[in-house]
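Take a look at the structure set out below.
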């Protein structure tokens, strides 16, 4: 039987299965249940690690960084404001090429303050140099979390596992946890080539002048591109052990003759999938679940979208004054291909606004309608707008 | 000097030094840098089995111009404000791995009093076994001498300049040691580069303290304090002798020692050689008032910390930083 | 030169050593200055006190003595009788109290005698014919000793049987025990010197003969003839000369049966005579001197302060800044002397004169007035050289003007103060001059080292400590030949050595090594020959900040313009 | 896909009830999903929790807007419009109340108009007080719902309770469940529940187990 676990609890178990040496935690809604469950596992001696209850997200990221540099598998989790407070350290971790894993329980960013789900927080950090993987279900959250440790340590790159706040973190679903043996088989003990060791001293975090800075950034960029293949390999290796894959860098499903594609990230994928199931009178459409936002799988996307006439990119965040963020990146990926589809940029579900089953119809209508040329907020309620705002 | 010896292979002489060189020359600190000296003294005392977390600042910049590093111990810099947390993470990892290596955290006054304070408070509250060393040069020197909450009142910096309407910084130096000590802190102390033996003793004590320890080292900055590069030690010593820089130890919130002052000097002796206080010697009522203010602060310190209450123990050369004739490591033949 | 980028930008430990910050130095660099300590600058015998105090701080008494006798072979003697200008010059005197250098010197001298240490570094005789030394006092002994150190054969001619000269004949045993002097003199002679006692130049041997037979002749006959003395043209019929009285007392042990005596003079002899009189039971002994007291700032008397102090303790009444204006006579018999207050002042001619002040006269009723105002060279045998002068005219190295192969020193030379230590210095310098002449080497000037004034010292590194005081015999016990001042204890001597500020020289305090922010000061496990310190500057890294010089307690390190130098 | 909404006040075990129901569903071989109302409400405020049960995997991550059943833990909440909002026509309304159906309908007033809700009141609080010594009506209500719908075997509910309740509370709650079994008419909501569970396809109704989606 599947285990009925709340998303946060499932993630906590996945982290525990990875046997981290140090977990650093600072509470923020909706990440709290994750770190609470880990604390309880430690309290019950089901997880042996140093659990460091820090005084801020800034320190949470830093403690994880210090621990990873000092030879321990390290983990932390945050969301929203916490992620932004970490921002400086997150860039630093990536630049230092420190392998560690963090869960981002995605949430809107203030102001206005809002504790509910969207993807604005992680999107804001997309240039931090971290691998960003998005999960569509609690099962994927478990599997991706475990895979993230292997990816991070293999590539010497930090991995952010993005999980929709509340929608996944606070939702109980039946999930399958791998056994400890399976995880131990999949994930070797932690190693880091530049571990701080008084017997083999190294200097980490030097100041690099203009004559070499570009090359270090370039190397980082290259490592991220190499991660695309690694993400696929690790997912496949994990499937080899557990029988479950999470979709590599992206996953496509739908009829071969479909001319419409809908691309999304995170848990909304299930809603759209269900919507498609229930609206069989609508034209066939492919669903593209983008799992890796960073590195951005341009080649895989070109392949996945080949032959489509219209692609809707549905996002839970946008860049004010510029529109859909992922849509822009998809455009860039497809630019110059021979049969570039029309790209429709759509935004829904900001700040926890529910994306209902009926969203599918809206999305398809958008795909079938005229090009709008700009990002459309599909669930905007004009009545709620102040007078004078179009 | 004549140089028979200098012609010898310096690197082989260097390898035979009877002290641990955690910070090598070749660092790019200014001439007469007090912080470079202090850091070397700290590591000389700690020995090689340490790992250092270092805040952004002069010390970080002048020691690690990639691809070169002046550190011989494992050392890491992350960002400005997170040093204590970085050290905490290292310490947690060592604890998890059952490694006994001591973790040190290095930061300037900005990284301690101001931007790094929150992480430091958290690190102490959680009881991490880390010795946090604050190299206190009383301003943001790395960025060009801006005031910090450690800058003494009336000192001129680029963001607290003296002018017709201002006599330098308008606010008091934050009493960070008291704040740190209030964390039920096992060990918090102040030291000065002018008293290296005392400094090294305090490092040792800090390292031996199980749990968090804090050491603030008054470290002159010739550039920021505007004194001759040769005068750093002298100025630091005057700081102590005037009472403006009390050298104390606090354990669990209680003061457990104070370096007794052999003779108390007027604060002007300390202020005069420093350009940052030059405006206080103008013929101006405001300047006179601030001078008197600084003297009053020194007097207050002397009373508050009991700097004249205890007498130095005989032979207490640490407190006096006095010297006596030394010997070379190898005793010459024929010596009694 | 292209560096290969490292992942994450990590760096190897200590790799900054490739970056030579020595190029940052601006014009000046630290240097070991080897300044001259004021004590050494002031010592007429040429001793470098801080050099021998250094090993003593570590308890190395023998090394200390061996360094001491490179300049002065008679430390047990000079340690007792020297007026120690070193202590007057000592920088520590301006800090708390001057070091008791004379007491340490004596301690070392006594330790050597007690342990029967031989002089180090005396080579076999290499030259023939030998050098003749006329006079076996401090100058002659010192000259002979240094000649032996330089490898020369030496014969000393002296009118007396025993060596020691005036020190032996004129300094009372309570301050210069005879056996100490004799032991030190004997040790000098044992370096291979021929002693020809009882041989007076002029009567027993002819100077020309000596000049023929010896490669060089060093004349140190001392001053044996009493200076003429009168008071306002009046000379007592039966003049008792102070020095002669002293000789008599030292040989016979008694004085005429006087009750009240005035001794005139400001030197050590006058004080010795006064004290000898007191010991012989003279009820009132007055000492009249033109000078002030030895510790006065202006015009102090030449007698050693401690001797004056002890004389006063013993009851001698000192009349300082006084002169005998008139003798009160009843027939030929002196019944008193009129004293007048005097002061040394610059006259209209710009020269210093002593002026008596009318109206300040006082009458001292005494049985006798005894002059003790010094001696001059006895010219017999040296008439051709003196040509009417009462001293030998020599240069700094003792070379006699216009007389090749002749050298002179000690009390008999021009400008002598009549003290033993300058005589020892004379002997040492003359020996060097003789050596140079005999070897046909140019006489190199003595190495001039800059004097280190206290203003250049960094005194904050020193703590005050009381000066060692030797124990002094209580007045009641000062009888016979019992020595008044005792030797320092070993502990006292060591503590006193520790008080030495080591002016201008390295005391291995480690300050430079400790305080260099760039680790450009390295420490060897031995002191460097000719440098005296174990520290070397690694100029590849020295940024020239000057901290080492500023924190060098002894001003051994100075910042100086860089010269073309290796390293 | 069957959807349930549970109303209560913060602190009454609303989420526990939802999680228990989903857990029991999974234990019984169904697919399940449960989640609270994502809000910032504090203890005492009216809150809701949701459960989805299905015979096929549930991918949907949208809010429950048109539940087939509403369970009300505190009858005072009946007066609130949102308590019955979206309840499908002919849906089941289970109220923690000793009142009879007529009384409950009267309280709903105009809201009942044309909705044809099947309403039951059960004395869950009384049972809870009787067996647990305090008013935690959620298990009693779940037992009633399970008996009415026949979706959950008693063993599945027991398994869920064993897994999720504190050991000290388990026995008494199991007694509550047993006691409730005798107070309701078993299978009264059978058709409604099974129709929803199997997306209106009747062929699976008798199996009681999840089939392919």
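Just so it is clear, A, B, C and D label the chains in written order, and each chain counts residues from 1 on its own.
Note that a contact is a pair of C-beta atoms (placed from the backbone, for glycine too) under 8 Å apart; a residue touches a chain by one contact, two chains touch by 3 or more.
No experiment lies behind these values; they were computed from the predicted model shown.
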Chain whose averaged C-alpha position falls nearest the assembly-wide average: B
Hey, which pair has more contacts between C-betas, A-C or A-B? A-B
Cα-centroid distance, chain A relative to chain C, in whole angstrom: 91
Taking the mean of the CA coordinates per chain, how far is chain A from chain B in Å? 44
Just the number, please: Cα centre separation of chain C and chain D in whole Å. 114
Rounded to the nearest whole Å, what is the centre-to-centre distance of chain A and chain D, using the mean of the C-alpha atoms as each centre? 34
Set of chain B residues in contact with two or more other chains: 64-67, 69, 71-74
Among all residues of chain C, which ones touch two or more of the remaining chains? 3, 9, 11-13
Flag every residue of chain A that touches chain C in the complex, lowest number first. 95-98, 156, 194, 201-206, 208, 212, 215-216, 219
Chain A partner, complex, touching residues on chain B are 48-51, 53-54, 60-61, 64-67, 69, 71-79, 81-82, 84-97, 99, 101, 118-119, 121-123, 125-126
Which residues of chain B touch chain C once you look at their complex with the stated criterion? 1-8, 10-11, 13-14, 16-18, 21, 23-29, 31-34, 36-37, 40-41, 63-74, 193, 196, 222, 228-234, 237, 262, 320-330, 332, 334-336
Using the touch definition up top, name the residues of chain C that touch chain A in the complex. 3, 5, 7-13
Can you check the complex and tell me which residues of chain A touch chain B? 21-22, 24, 49-50, 52-56, 58-59, 61-72, 74, 88-89, 92, 96, 196-198, 200-209, 212
